[in-house]
Amino acid sequence: MSETRFKALKDLPAQHLLLPGTPMCPGCGGLEVVKQVYDVLGENTVFVNAAGCLTLLATYPFTPFRGSWIYTAMASAPAGAQGIRDALDILIAKGRLPPAQNLDVVVLSGDGAAYGMGLGPTSAAIDRGLDFYYLCYDNEGYGNTGQQTSAATPAGARTATDHGPVGFAGEKKDLFSIWVAHHPPYVATITSADPVDLARKVETARGHAGPKLFIALAQCPTGWHYDPKDTVQMGRLAVATGIWPLKAYAGGRVTHTRRPKPKGERPPVEEYLRAQGRFDHLFSPTRNEEALARIQARVDAYWDAAE
Amino acid sequence: MTRTLLTGNAAAAWGARLAEADYVPAFPITPQTEIIELLAEWMQRGAMAGRIVMLESEHSMLTAAGAAAATGVRVFTATSSQGLLYAMEMLYTVAGWRVPLVLVNVSRGLAAPITLEPDHNDVLAVRDSGFLQFHCATCQEALDGVLLAYRLAEDARVRLPVMVNMDGFYLSFTREPVRLPEPEQVRRFLPPFDPETLYFRAGAPRSQGVAVLGGAQYSYFRYEAHLASLGALRVFEEAAAEFARLFGRSYAPLETFHTADAEFAFVMLGAFATKAKQAVLRLREAGWRIGLVRPRLLRPFPAQALVEALGGLRGIAVIDQNLSTGMGGVLCSEIGAALLRAGARPVVAGYVGGLGGRDIPVEEFFEMARETKAAAEAGRCPPTRLLYTEEELRQTRALQAIAMAE
Amino acid sequence: MFRVRFHGRGGQGVKTASRVLGTALFHAGFEVQDAPRYGAERRGAPIFAYVRADRQPIFERGVIVRPDLVVVVDDTLLTLPAAAVLQGIAPHTLLLVHSAQPAEALRAKLKAPGQLVTIAPREVAATGLQPQGAMMTVGAAARLLGVVPRQALESAAGEELAALPAKLRQRSLALTLDGFDGVEAPGGPVRELPAEPAEDYDRPRWIALPFEDARIASPTIYGAGTSMLSKTGLWRVQRPVIDRERCRRCVWVCGTYCPDNAIAADAGGYPVIDYDHCKGCMICLVNCPSHAIAAVVESQAREAAAAGDAP
């Protein structure tokens, strides 16, 4: 990732392509991600959407896109991408579409779909070597239906279906590794709080044919219970505390594109957790030392192994 | 035009080949699999200039099919039974996208208990989805039905997906003589797909399948699909007339057989209707004035033609190869409603038969005719009867004994 | 039947307030129906909820078109046509508004045909959305109906707020009762509208929907960027205001982080905020390295703009 046009914020596109007027919550991290990714991908794209909050990006007769869009269903957006990609290829091969009018096909899916109902279709699309982008905005729950627990919900988070004193008792699924196990050309994690890292990764992905997959942290003020103004801080904390590793898989190798400070020097995960209402119960009325230690230990173990 | 022996599956595949379908998303299921295997073989050896892609489920298959049609290619796909229901969400979705494509469904009974043999519960479960439905009784119809279906689906006045239905085993795996139309002739009947406004391409931003808020908008889009479906009846008649001119085979929305002077009629869908024809001929030899009425189009529902054909009769026997549990036969209630609304009151005898591929022997047709006549004489509609014999129950009992069901 | 319609913004506790009233009426012996109305809109967007109460079973459902009492939790909605606060109000309709403005002035401004009662915000309206306003207003609404005993309101609020942390619950409860105690309608309690006559009614003007081909009659948008027509700026309760003196023209910062693409550079490289669409999340404010962005209460900013001052 040496030759990049994106070295600093200043180098990012000054004109933003995704237009305003969407029904997303104020401060929506998912929207921020889509906006930043769109700036790099450009308008010669067709977004193929799975049911989720961002389905309402295009609500008849309003669309914020300069390019194209189709809403499919919760499970099968990758198959929708397959149909469009195949159709475009057929049209070009048969001389019915000038190659200059070709489009990039981009799946836009929430975590609920990506980690759960849509995982089979995603896996199959990777198996078929489909040439597409896949953008999972991970707000760590079924946001559109009121933030119920999904397979992406992190340990300890309170959701609409996990109210208990420990919040969600399970662990967040490692979708990155599941995808990597398919050996697609490119997989990366991103956050809109690090727009330069994000832009570089999307730019790098452009150089690969086949499946190019992204998991974006999608800070969700509504579902995570924090003030919308703190969306960027939440993303920065996630990276700085090490709970959201920024990494990329390409050429058979996983590389960390940002490294939090070493153990002991980096801020404890607690700082990230305490900033969000969904973890309140870990701090009051009494501190749940056991849960906090467990979450911290998992983050530390991750980075120990990544050394 | 060559005449050759083809299974229903092969005939349907020939339909797709002659229609020069560009794209076939596929997933295997008995008894449909032969269709996609044939298409794959033709495409792989260059006999057909299309692309077939194996999806991981019918839900994905229908998504890919609809999305490709929305991008402007001619799409063919096929499934059966559980597969059709697995795709249920997407049947409504792609119909709501208003994209033309043709789906062959090879009818098979639904689990549980799981079975391989046919009845029509699968295709009737999706009758409200927005897909038009063309029901075949012969292998020839399976081929011709696919060609007619494309004409219908792609007509600007319709632009809805069309399902061509045939019975598993009784058509899918059964060979019959089929006339293969000349490709040149087919091209005259079915010109290359003009996607008009259906495409995704650079420089022409387009959002399809967009969410709506509010009942007024939703009602508008849904009802427009309904109006397009109703209007498809006329479009079908036009297309069928041209088809008859070019190929010499006539397809009315409703097949009528010896109904001109009839007092009674059998009414049924699909391949078993040819058995009813055989019964009609034998009954006529015995002096009966009886005929057969078979809807080819079930959606749009040819209500007026049905009323014209059946309204003046003394009695009709509707034989449903499906079961709406807690209600009875689907066709019987749809036809009953059409007759009632037209003020026509023949006695309607409802039969449920042929579930899970159970045969309907000719004697049962004779008996249904006799019962229907008795009901007409009594002036009362009898309760729905399941075609099931003492012997069958005895056999079932024997199995239950082995299963230790007491 | 009492028909009560609540108006507020997403995040202001309108749903909770409507449930408190519903439960209070239920405790007071009424048959009750209450429901929030959801759209695609989110936090800050205008939303509504409704409550019906009758002494016999309620057969009516859905949106209330002829309200007897309209409860407005956020007075900035009054001037938003999109919020439709005044829809269907008649001379008998009582308007209850959570507002610091004098009732008479508001009534004249809105040309309200019936009574208008205000309940003044208890805390100084600082920033953000305040669910507490809804609690005080619902207390007042209960009083104005004239049929809800204080005790019924108290237990209803206790039930509906049970999930809140203790401190917040107590404060909300106190505010609810303050609302109940602190209001009086000069023209007497809310009056119920007599039932619609089945003979003399406005006949619906039905049409036979004409057939239209799929090019028009499919949910397809043949264009780009039509969302610009959606004025999400109306959701805003705080307005980010840029101080050009302090601004260092690094629009790539605020412009990149604004989720809604509501910041663009002008010819001189200064950021310009698109107030038609800015939702007031204040992400730009907290990320501005030169602290050049301030938050101004939206209603004040509007008034200032109306008075001709620069925001």
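The first chain written gets the first letter, and so on, giving A, B and C; residue counts start at 1 in each chain.
Please note the rule applied: contacts are C-beta pairs under 8 Å (C-beta built on N, C-alpha and C of every residue); 3 or more make two chains touch, one makes a residue touch a chain.
Because the structure is predicted, anything quoted here is derived from the model rather than measured.
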{"item": "Most widely separated chain from chain C, with each centre as the mean of CA atoms", "value": "B"}
{"item": "Chain nearest the overall Cα centroid", "value": "A"}
{"item": "Cα-centroid distance, chain B relative to chain C, in whole angstrom", "value": "52"}
{"item": "Chain A-chain B separation of Cα centroids, rounded to whole Å", "value": "43"}
{"item": "Approximate Å spacing (C-alpha centroids) for the pair chain A, chain C", "value": "33"}
{"item": "Residues within chain B bordering two or more other chains", "value": "97, 205-213"}
{"item": "Interface hub residues of chain A, defined as touching at least two other chains", "value": "43, 56, 58-61, 63, 65-67"}
{"item": "Per-residue overlap in chain C, given as positions that touch at least 2 other chains", "value": "40, 219, 221, 223-224"}
{"item": "List of chain A residues in touch with chain C within their complex", "value": "9-10, 12, 14-16, 18-29, 31-32, 35-36, 43, 56-67, 192, 195, 221-222, 227-233"}
{"item": "For the chain C and chain B complex, residues of the former touching the latter", "value": "39-40, 209, 211-215, 217-224"}
{"item": "Footprint of chain C on chain B - complex, ascending", "value": "96-98, 156-160, 196-197, 205-213, 220-221, 223-225, 227-228, 231"}
{"item": "Chain B-touching residues of chain A, taken from the complex the two chains share", "value": "43-44, 46, 48, 55-56, 58-61, 63, 65-73, 75-84, 86-91, 94, 96-97, 100-103, 120-121, 123-124, 127-128"}
{"item": "Residues of chain B defined as touching chain A within the complex", "value": "22-23, 25, 49-51, 53-57, 59-61, 63-73, 75, 89-90, 93, 97, 199-213, 217"}
